[in-house]
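Per-chain numbering from 1; labels A, B, C, D, E, F, G, H, I and J assigned in written order.
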Amino acid sequence: MNRLTVTEKIIAAKVSLGIRWSDVAAKVGLSKEWVTSACLGQMTLSMEQAQVVAEIFGLTEEEARWLTVTPYKGSLPTAVPTDPLIYRFYEMINVYGTTFKALIHEEFGDGIMSAIDFKMHLQRENDPNGDRVRIVMSGKFLPYKQY
Amino acid sequence: MNRLTVTEKIIAAKVSLGIRWSDVAAKVGLSKEWVTSACLGQMTLSMEQAQVVAEIFGLTEEEARWLTVTPYKGSLPTAVPTDPLIYRFYEMINVYGTTFKALIHEEFGDGIMSAIDFKMHLQRENDPNGDRVRIVMSGKFLPYKQY
Amino acid sequence: MNRLTVTEKIIAAKVSLGIRWSDVAAKVGLSKEWVTSACLGQMTLSMEQAQVVAEIFGLTEEEARWLTVTPYKGSLPTAVPTDPLIYRFYEMINVYGTTFKALIHEEFGDGIMSAIDFKMHLQRENDPNGDRVRIVMSGKFLPYKQY
Amino acid sequence: MNRLTVTEKIIAAKVSLGIRWSDVAAKVGLSKEWVTSACLGQMTLSMEQAQVVAEIFGLTEEEARWLTVTPYKGSLPTAVPTDPLIYRFYEMINVYGTTFKALIHEEFGDGIMSAIDFKMHLQRENDPNGDRVRIVMSGKFLPYKQY
Amino acid sequence: MNRLTVTEKIIAAKVSLGIRWSDVAAKVGLSKEWVTSACLGQMTLSMEQAQVVAEIFGLTEEEARWLTVTPYKGSLPTAVPTDPLIYRFYEMINVYGTTFKALIHEEFGDGIMSAIDFKMHLQRENDPNGDRVRIVMSGKFLPYKQY
Amino acid sequence: MNRLTVTEKIIAAKVSLGIRWSDVAAKVGLSKEWVTSACLGQMTLSMEQAQVVAEIFGLTEEEARWLTVTPYKGSLPTAVPTDPLIYRFYEMINVYGTTFKALIHEEFGDGIMSAIDFKMHLQRENDPNGDRVRIVMSGKFLPYKQY
Amino acid sequence: MNRLTVTEKIIAAKVSLGIRWSDVAAKVGLSKEWVTSACLGQMTLSMEQAQVVAEIFGLTEEEARWLTVTPYKGSLPTAVPTDPLIYRFYEMINVYGTTFKALIHEEFGDGIMSAIDFKMHLQRENDPNGDRVRIVMSGKFLPYKQY
Amino acid sequence: MNRLTVTEKIIAAKVSLGIRWSDVAAKVGLSKEWVTSACLGQMTLSMEQAQVVAEIFGLTEEEARWLTVTPYKGSLPTAVPTDPLIYRFYEMINVYGTTFKALIHEEFGDGIMSAIDFKMHLQRENDPNGDRVRIVMSGKFLPYKQY
Amino acid sequence: MNRLTVTEKIIAAKVSLGIRWSDVAAKVGLSKEWVTSACLGQMTLSMEQAQVVAEIFGLTEEEARWLTVTPYKGSLPTAVPTDPLIYRFYEMINVYGTTFKALIHEEFGDGIMSAIDFKMHLQRENDPNGDRVRIVMSGKFLPYKQY
Amino acid sequence: MNRLTVTEKIIAAKVSLGIRWSDVAAKVGLSKEWVTSACLGQMTLSMEQAQVVAEIFGLTEEEARWLTVTPYKGSLPTAVPTDPLIYRFYEMINVYGTTFKALIHEEFGDGIMSAIDFKMHLQRENDPNGDRVRIVMSGKFLPYKQY
């Protein structure tokens, strides 16, 4: 047993049970973005949170424990993703990556936008021309320091 | 001469002149995000916009014309980016990619968030624990249709 | 159990039963192109469609349910396909890719031909010099917009 | 001097002159698809055709001669294309590749759709929901034979 | 069950039974080159041929049926083969590939040597300095046509 | 100056002069296969042979000398070739590689077909269904020995 | 002109002048580790620091200005480094990477050791069995937070 | 059974038992860095040490024996690591690799810092701005010698 | 069952039995280098030799037979090896490869050192500064011939 | 100017002058193996040695100085070498790599054969069946130590 087998069990149980990620998140008491990534094997739950998740998906005590172990992260099977939805995000970096870089450095100087001290929120944006996906990302700016 | 040489000339001129991308954008009359990516060789300008950019950076008539040709896009030299700032965005996809996928499908069904009918806005978020970079992305949801 | 195991079960059942994809499509009531790609794990069926497919191939209730979950797409085991039939399509892109790009931009301006709002139709073209495969693809043009 | 330098000269001349590929094709007297790919370094012209192209783009006698030499084909800089328009075609293979394979074998048996004895035609399809790109491909079916 | 498991069963049965490929070919009534590649999962047999092969290797009815399904081709586990015997063929292409190209175009014009309408024959060449492997390949020349 | 620049000069001179490889070979007094590969930077000429080649293509004394230096071999720009003609040979290895291996080991035992003590001959095969390319390869069998 | 050409000019000037990095650092007034990485194109100098560096290496005003532009980082030509000294660091990650991960998570929980808020110091360690290289790295621990 | 299955059993047992690596190390009597890497399949234990580890994790005699066999090292599943914590170390090499090289050669001449005669120590550094991870590495300098 | 499963059984049996490769070689009556590589799945044994190996490691009749089948060679899981001991050999080629090439061509002319008609011998070299590994390789020189 | 341009100048000068590496080595007073690798850009010369080399190849004072700078090592253009002579060494590692590993660990325990404290000697071995290349490698064994 490892984290991957627990992730796969959660995904399979979700299909059987027909639950929504946002309902899982509501029971855990955190955002749907963080909880989904935790259930998909990318974040570390506390023992209490793991118990909630275990109950929802019918995990054993041992499986729940795996949810509290920091996983080896990276959810994609290939360096360049093949799934069209996920590829579009990769394409944004390919097309806009140097723009992100230019504008962040112009505003903040040398450093990065943290992917750790980071939050994101995903929601529907109603639009008469077809609804839109809106993603708001917020990450702490971390400056390179001289020493 | 090709688009790449024009892009490099723009970048070098910007260093010499000490101009800001946001000032360039103001003169063009569009967002700083779109204008920067156009100057970095990723978008196509109209002849009028190209003239404005050419005047700012001292481009020739011929060079301005290249700005109106749709470029071969992709601004990164390697499939997995090496630059720490740009890599963080790649990491977000690696860690959150399947989460994006799960939540968008839960909300919208099968389809993608467009990277073409797409806008993004990048700004500073003041925070006592250190300022944050805030990026808002909005892309039309495009459903797969049956036929 | 995951989508891949369901796909493999469908393929194996098809060999046992000696059914044709076009017959499966007729029962589902959609084109053979869309139905085949769905059975091969690339599209999402409605529960009703999934029941039809399940009955044809002898799938369990649980397996049918997997057909209604949006799959992680990408049907090829390697970035450059090794199968000669599939490679020929890759070769068309290698040889004609920049031509597609030049002609579509000439006709429509900057943007893409959608692979989502997309249909294709494949048929036999009788020809005295040897029959031909005819593929018609139709995808909505999506323009990049300025903002 | 080699074919690549001639291709680059043609592309640069086209930007200066503001000519359309379809006009070039009309002067050569062949389809816009074939002529564009030839000008982009993928096909071989006869000496007469090369003269026409040379006159349009102001090529020297020596450069024209290069157009009559069979080129080393492959127009893309990377195995997985980064340009969004071209990537969409790669994605179609990734998503529909096994479907192409299944349906062609179902109709024709073991073999391939030729990418050599091959024609394609690209045109605008008017549509009230937004115009569409329509591509018709026709390739001879080549059966594997036993021996 | 899939074609790969049938291929592996054939290979294992061949080791147990100590049969030669040329004997298998004689029973099928075709060349040893074609029959071996079919048994190794690269070609498609008719039902009659599959029965012969099934009897030789002790395959079930279901397994025999898999031999009649066109396989996903490509017999090598890596893009650059590691096995010394197979690598030598890859090396021939690396060293002689541009020579093949130059001489075939000189003789035939633009086009390819078909790998589908293709036969090959492999035999021992007695030589006092050490016997030699002689391989004769014959593939139809397919010209690119203008349209 | 290095071997590559000499190779490129030879190729460019051949285009200007309109010479055939088989005529070059006749003047050198060896097969067209070997001479072409030497001119394309894959084989090493003697000084006398290099003088002949130099005279044909108008090379300087220094350039001729480079033809006598053993080159770093490998004539293809990518691990998997993109040119359709050259790719077909790669495909033959992908489809028939394990067949080559099985049949050579069946006939000769463990070892390889040499790519060094190797000759090949390429010719036109007239055929009413379309002429064919015929390639005969002959390579010494080299057995692995125990020690 | 771009940052790379400035880096190359600095490296070439250093060879001509026979200066030591530690002396350059002393004049800039920062650690030798930070200053060397800045001169090698990885960090961003202030205009005052850039002037000092420009004077040492004989850079023009324009070149000095490039030192103040945040560079596209990544100093290695290949994903897996070929240089033996640099490879050893890559090997440490290959052998000890999961150990770093296990021990940091055991001590700190889920998060990372920052490579931005990061310092390192490299010095000689005298040892009778042969002197040793001692590297001290210090990076802020950044915890993943729930939201 | 092989070393990998033993490593996985150790990791799973550690999750069940809730033990800390530093406690395992204390029982073995060596540093936590070395012992963790040994348990993760990168180092070779003596039979006595293996017995201690076996007792802690409930390994069989046979499994303990595997701990005494030198393993095939390399703990990462991909050439460029995807896990954010481990990637940061890769990034340090990407950004600082040429700096490491420049400074070590300046101090020691041509040679390397050994990754074999190597020790490392990882500890918490208390800091009011947030605690830091401190890693001290010490490796023997090995000079290239002339011969 | 295939050769790989037999190799794994031999390796596992060797750990259980605590045998040395040199003892296995002595029983087979050949060098430890050749016998080890055969047991590791790289060489082909005669039936008599296979029986000896089978008896040592407790293989079945069927497993022994697999040792007499020429294997698909290549013992490394990745193109660039990750194991430090094996990587050092790869590094020697990276650093000394062009030197090997220059010196062998200087001495022998164009051709290669055979890796088939090849022997190697590995032994300990006592040295007061630390013992050394001594490897002697001997391979027949195979000249490229003109034809 | 950088080390690569100096290496290329040395190689070009060697072709012009028709000198042998062994004569260069004799003048430098070291082995032909070390001197050749230094001239090919892989080792670092002292100023006195650099002067000798500079005089032989007609290098300037500045170019000689580059020979005394430790180079970024790695002499091969691709991860898997394409040149047949160099590939054979790569093949030896692929076929014999795990054998090297097994036998060195059997004799010495866990550790590596150094590629730094390393010498090699290459010579002709006369043999009536065709002369052989003999390479003797000697590298210090470096044990992993526990701490």
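The rule we apply is simple: a residue touches a chain if its C-beta (ideal position, glycine included) is under 8 Å from a C-beta of that chain, and two chains touch if they have at least 3 such contacts.
Chain-to-protein mapping (UniProt): A, B, C, D, E, F, G, H, I, J = Cyanate hydratase.
These numbers were taken from a predicted model, which means no experiment stands behind them.
Traced through touching neighbours, the fewest hops from chain I to chain J number 1. Listing every chain that touches chain E and chain I alike gives F, J.
Counting every residue number used by either copy at the chain B-chain H contact, over half are found in both chains.
Relative to the C-alpha centre of chain C, the farthest chain centre belongs to J. Centre-to-centre spacing of chain C and chain D amounts to 23 Å, using the average Cα coordinate of each chain. Averaged C-alpha coordinates put the centre of chain D at 31 Å from the centre of chain E.
With centres set at the average Cα position, the gap from chain B to chain G is 29 Å. Chain D and chain I, compared by their mean Cα positions, are separated by 49 Å. Annotation for chain J: residues 33, 72-74, 76, 79-80, 82-84, 91, 94-95, 98, 101, 105, 111-112, 114-116, 142 touch two or more other chains. Interfaces, counted as pairs of touching chains, are A-B, A-C, A-D, A-G, A-H, B-C, B-D, B-G, B-H, C-D, C-E, C-F, D-E, D-F, E-F, E-I, E-J, F-I, F-J, G-H, G-I, G-J, H-I, H-J, I-J. The part of chain D that touches chain F in the complex is made up of residues 1-2, 62, 65-66, 69, 72-74, 76, 79, 115-116. Looking at the complex, you find that chain B touches chain A at residues 20-22, 32-33, 36-37, 40, 42, 73-76, 79-81, 83-86, 88-108, 111-115, 118, 120, 122, 124-125, 127, 129-142. Chain G contributes residues 8, 11-12, 15-16, 18, 77-78, 80, 82-84 to its touches with chain J in the complex.
Residues 30-31, 33-34, 43-44, 70, 72, 98, 101, 105, 109-112, 114, 116-117, 119, 142-147 of chain D touch chain E in their complex. By the touch rule above, chain I contacts chain G in their complex via residues 80, 82, 84, 87, 91, 94-95.
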